[in-house]
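In the two complexes below, chain A is the common chain; its partner is chain B in one and chain C in the other.
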Partner chain A sequence: MTAYASTRLAARSRTGAPTVRRVRRHARTRSTTVCLGLVVALVVVAGAGLTLGDYPLPLGQLVATLAGHGSTASSFIVLDLRLPRVLTGLLVGVCFGLSGTMFQNLLRNPLASPDIIGISYGASAGGVLAILLLGWTGMAVSGAALSGALVSAGLIYALAWRGGLSGYRFVLVGVGVSALMLAVVEYLMTRADVYEASAALVWLTGSLNGSSTTQLHPLAVACLVLVPLTLLTGRALLVLQLGDDVAASVGLRVEVARLAAIALAVLLAAVATAAAGPVGFVAFVAGPVARRLTRGSGPSLVPAALVGALVVVLSDVLGQHLLPVELPVGVVTAAVGAPYLLFLLVRSNRAGVGG
Partner chain B sequence: MVLTTTPTAARRAPEQASLRGRITPVLLLAAGAVVLLSLASLAIGARSVPLSTVLQALTQYDPSDTDQLVVITSRLPRTVLGLLVGAALGLAGCAMQGVTRNPLADPGILGVNGGASLAIVLGISVFGVTTTAGYVWFAFAGAAVASVLVYSVAALGREGATPVKLALAGAALTAFFGAFTTALLLGDRQTFDQFRFWQVGSLNGRDLGVTASVLPSLLVGGLLALVLGRGLNTLALGDDVARGLGARVGLIRAGTAVAVVLLCGSATAAAGPVGFVGLTIPHVARALVGTDYRRLLPTSMLLGPILLLAADVVGRVIARPAEVQVAIVTALLGAPVFVVLVRRHRLAGL
Partner chain C sequence: MSGRSSVERRDEGTSHRLETQGLVLSYGDLPVVDDLSVTIPDGRITVIVGANGCGKSTLLRGMARLVNPVRGAVLLDGRSVHHTPSKEVARVLGLLPQAPVAPEGITVTDLVGRGRYPHQGWFRTWGTADDEAVAQALAATGTTDLADRRIEDMSGGQRQRVWIAMALAQETDLLLLDEPTTYLDLAHQIDVLDLLTDLNRQRGTTVVVVMHDLNLACRYADHMIAMAAGAVAAQGRPSDVVTAELVQQVFGLESMVVADPVSGTPTVVPIGRHHCAEPASRH
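Entry: the complex of A and B
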């Protein structure tokens, strides 16, 4: 028995290294395939978003317009109206997807996305305050939302800190802060007249209706800075998943790495909310969906970003063209995301990783 | 093992005895505070009324005096509603914390209010309901669905409904219900205008008819909750021990659920969602009279109106002549309490 076991052990350790290498290579190939598939889907959906509308464009004309050889009308419609909207949706999705999957990995809880733990509600409070109380519009609202998200994230971090940060305390304090921010939003909604409050409600749902080139530029610049930085933290995230002690013993400065990762995740969520309002559930579903597709165990950042982008762009196209009335993107993502959330709650609790 | 438990047990026995001795004075003091705050709630507001006029209005009402008219027609219904809603929320929070064995249970945090909100929006927009008597049934249905859903989702898995799982399930369900509520409101400006004022819990503008329509369900729910004390005590020992002692665990759970739904549903239908009263009050009560639910439940019932009336009076004063709704004030007071509870080391034990 023992002899048999030891031979097997020896056999396994001999074949160990190549097996590990094969499994890793297999996972990497799968992840690459998934990413390529997502990019193709994204191109198709974005193409649909550019051609469909009150003024449908045939594909050939669309390509010509994008290459700069279109008529005045088609260039205006594609380049000034539809392209900014599709690109804003894409970037917003990338930000939400990355932010959500980072929170879920950092706090080691599949339900801990910025929608649930108070970051989005902070942004909502800031945005609604700007719209209703100060009468701001456009970029100023985005700025207020950004500050709201940062303030609530700072509040959660400070209140959850107690000689260190624990995932569950961060999550619970976040739930408390989000209740507080929600109270602020609801209070402001009763103070305004019904037309302004309706406008604020559309913003609160998350909408790409107001996308324009002027709004796209700051978002693009923020993404250009934040996304590469986030991808760089991927390795640290992987190590942090092993637990603080193991992470420290392999030479990671745990608190610094975690603070940096949280800061990036908060900034990503804040920038996206500033651009399109708190589009619900995108941050929440991107990570788990990406992980199911790649069947990986680590934080699959690139697939999550692509899933986020696909969800937002697809939901916007569906919201614009599926029903006779035009729906803001947030309603569609909620309709898709909320059932998935319930499913995920049930699954993660059954597996014992819900908290 | 014996060495470590004996001193604690020895220390706890006199402590429990002294807490038991404290129950009567605590209840008397609380009742006194309720009376004083009721008077304050009748006297203070955009128009200050002297206390003598308030007493006069209560004893020999003279409708030609404007001060007395304000007291009787506007502030009296408001104060009565505040008393009832406060008692209901205190009691419901206490029963909820008992049955979930969870210090963070609160109708707001656990998504019960969110469920009631969604049901009421459905009632207004789809079924054209406009009266509180009509809201109540929708609020019950929504509260019932939400509490069953949140508990059954959070209780899945080996370790049962832990604080984190319950809070997350509640927050997730709140987001879920909120998304649908918003979607319904977006296309319907009229419903939105009606709903946004209900959405923020407030005692303002609810006449005695509103109170009368929720009174029966409040009474039934309250009585049911008050007789559950012994059962909740047994449940606090854990399901297995409780079963071993001959308690019918399922029955206690179901009874508590019915009581919580009746209390939260009626309170929410009458005043709108008011959070954090159910969270905060049981903890204050526990500090005053100990952990026995037979004493905790009545104490919470008396402390609830104190917080709610005080919050309502504060809301009338801080933004004069405008008002801050009572739910905003309780959220501002209650959220810090929630954070303090979370920061405590031992969260799980109740």
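Entry: the complex of A and C
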């Protein structure tokens, strides 16, 4: 190791800036390429979701229908049945993807995603409670789901707070709260009659079967507000990742920023769950997959949102059309996500970084 | 300080003044820093020393507004740092905390670039000035060649240089460092302290360092603050303040203070109960 030559300091590198620009451009190019690739994949999969089904549409007819020149039948099938389902899946994926990667980065723990720490099941408990005990329907149920997620998050925050927030404790408390909320859902299900229980079942697995424009609209409005706000927190997340002390010394108001980011992440998970139920493991895998693709180290919000959307839409197409039995989207995502969870646990235990 | 007379010193220093007035900092009900008033000399290297738990790290964190005062104030150019917009403070005053942890997979350029946060805003995104600042920070710490490397692939000494580069990219006139040498071997400790001296001598950066090694502290400090039980036990030039009595008072350690043969600064030789020079097998 050579000592620091003071000449290096004096030489005020004029050659350094291009190096910095090159390294930064390299990372940016990779991230942009990944995003473009994901968008293309998303378009292809969404197209498949719109054409496949009991009434298959050739591509030309699909394009004509989307442009408003389709027959009455094809218009009904594409615009009223399939498009709301695909768009709901897409937005749900975006919300879960963003929410998961935000939690994971804020708490510096890959296990800290809303489907594992009980935010999603909090929303489920709220929804099931509203349907089975209060007899609510429609938007009121979504409202109850939203409240359930917020109660869940508040409970975790209150129980995990010890004059500061440790990611590890937050996750442990969250797993406990998750079990509690799931128990609430299951208890209520056992007391419900068959018809009601089948309506409430979506809150256990997550499904796009009931998707229609009536659910899509509030979800779309929520996304229109929440997604831009979330992207604005990106730069704060970058410094929060370096720890509270570093973040505070570069001028971030740590507690305010973290509370705002957690609130956004909770709301994103809540509106997604209200629209499609707790579609498992999407929030959990989106961030890590996006990071592996971009090879970045930041929260990579946009790639994570796109991965989330792709996972949900693809899983729904698989579950509807390509598997021997028709399955709700949540079952398919869980089938993919659960092995990844096991892999992560095994790997982190081996590396001794389980916390 | 004869060893230093040949080094040209920037006399104008920096134009920023950091001081504390009747500062009380506590964890819970326990005051850790008690009614402490100090002024950090501009454009100099100040080293804060003291026994474990004497409040030196807390003082540093308080000065960098990471701990809120119970009473008293930390003033930067006469304004309380706790009541000045945080980003405004961060453009003048930087802190490198003890043992910071880098996110997995982060590259040197990415990490150092995050030090530019206080220079950016809602509408002011990354620009040429940021590239330039990062490049200079890399050059100053001798890490330009590592620009696209990942932090986890590096040695402890290299990592510490990269973290210092991040603090430098913040372009502050005051730089506070909490035990920057603690986990490094002796050669890398010297490397880091030489680097900080370069920064001070060539840019006029005011440097405040908390460290444990008294002898290195004596050698590199222009100004030393020795703390005991949350208060200042002594402050001034090391050659003026470091005596066997002070070491006894601050560390509860019996010692002899002699001149460092290289720099002429004080060197503390601990006495202890055993003087284990002879082989253990002799008796």
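What we mean here is this: the second predicted complex is superposed on the first by the 322 of 355 C-alpha atoms of A that agree within 3 Å, B and C clash if a C-alpha of one lies under 4 Å from a C-alpha of the other, contacts with A are read in each partner's own complex, and residues count from 1 in each chain.
What we mean here is this: a contact is a pair of C-beta atoms (placed from the backbone, for glycine too) under 8 Å apart; a residue touches a chain by one contact, two chains touch by 3 or more.
Treat the numbers as computed from the prediction; the structure is a model and nothing was measured.
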Q. Of the partners chain B and chain C, which touch A:Gly243 in the superposed model: first, second, both, neither?
A. second
Q. Does chain B (first) or chain C (second) touch A:Val331, or do both, or does neither?
A. first
Q | Of chain C and chain B, partner touching more chain A residues | A | B
Q. Between chain B (first) and chain C (second), which, if any, makes contact with A:Val34: first, second, both or neither?
A. neither
Q | Which of chain B and chain C A:Leu201 touches, first, second, both or neither | A | first
Q. Of the partners chain B and chain C, which touch A:Asp115 in the superposed model: first, second, both, neither?
A. first
Q: Could you give the residue numbers on chain A that contact chain B in one complex and chain C in the other?
A: none
(Q) Which residues of chain A touch chain B once you look at their complex with the stated criterion? (A) 109, 111-112, 115-117, 159-160, 162, 168-169, 171-173, 175-180, 182-184, 186-187, 189-190, 194, 197-198, 201-202, 204-205, 280-281, 325, 327-328, 330-331, 334-335, 337-338, 341-342, 345-346, 349-352, 354-355
Q: Would you mind writing out the residues of chain A in touch with chain C in their complex?
A: 1-6, 8-13, 15-17, 19-21, 23-24, 26-27, 108, 232, 235, 238-239, 241-243, 245-246, 248-253, 291, 295-298
Q. For chain B, which residues are in contact with chain A within the complex?
A. 104, 108-109, 153-154, 156-159, 162-165, 167-172, 175-176, 179-180, 182-183, 185-187, 189, 192-193, 196-197, 199-200, 275-276, 324-325, 327-328, 331-332, 335, 338-339, 342-343
**Q.** Interfacial residue positions of chain C with respect to chain A in the complex
**A.** 61, 64-66, 86-91, 93-97, 100-107, 109-111, 113-115, 117-118, 120, 122, 126, 128, 131-132, 134-136, 138-142, 144, 147-148, 157, 166, 170, 187-188, 190-191, 194-195, 198-199, 202
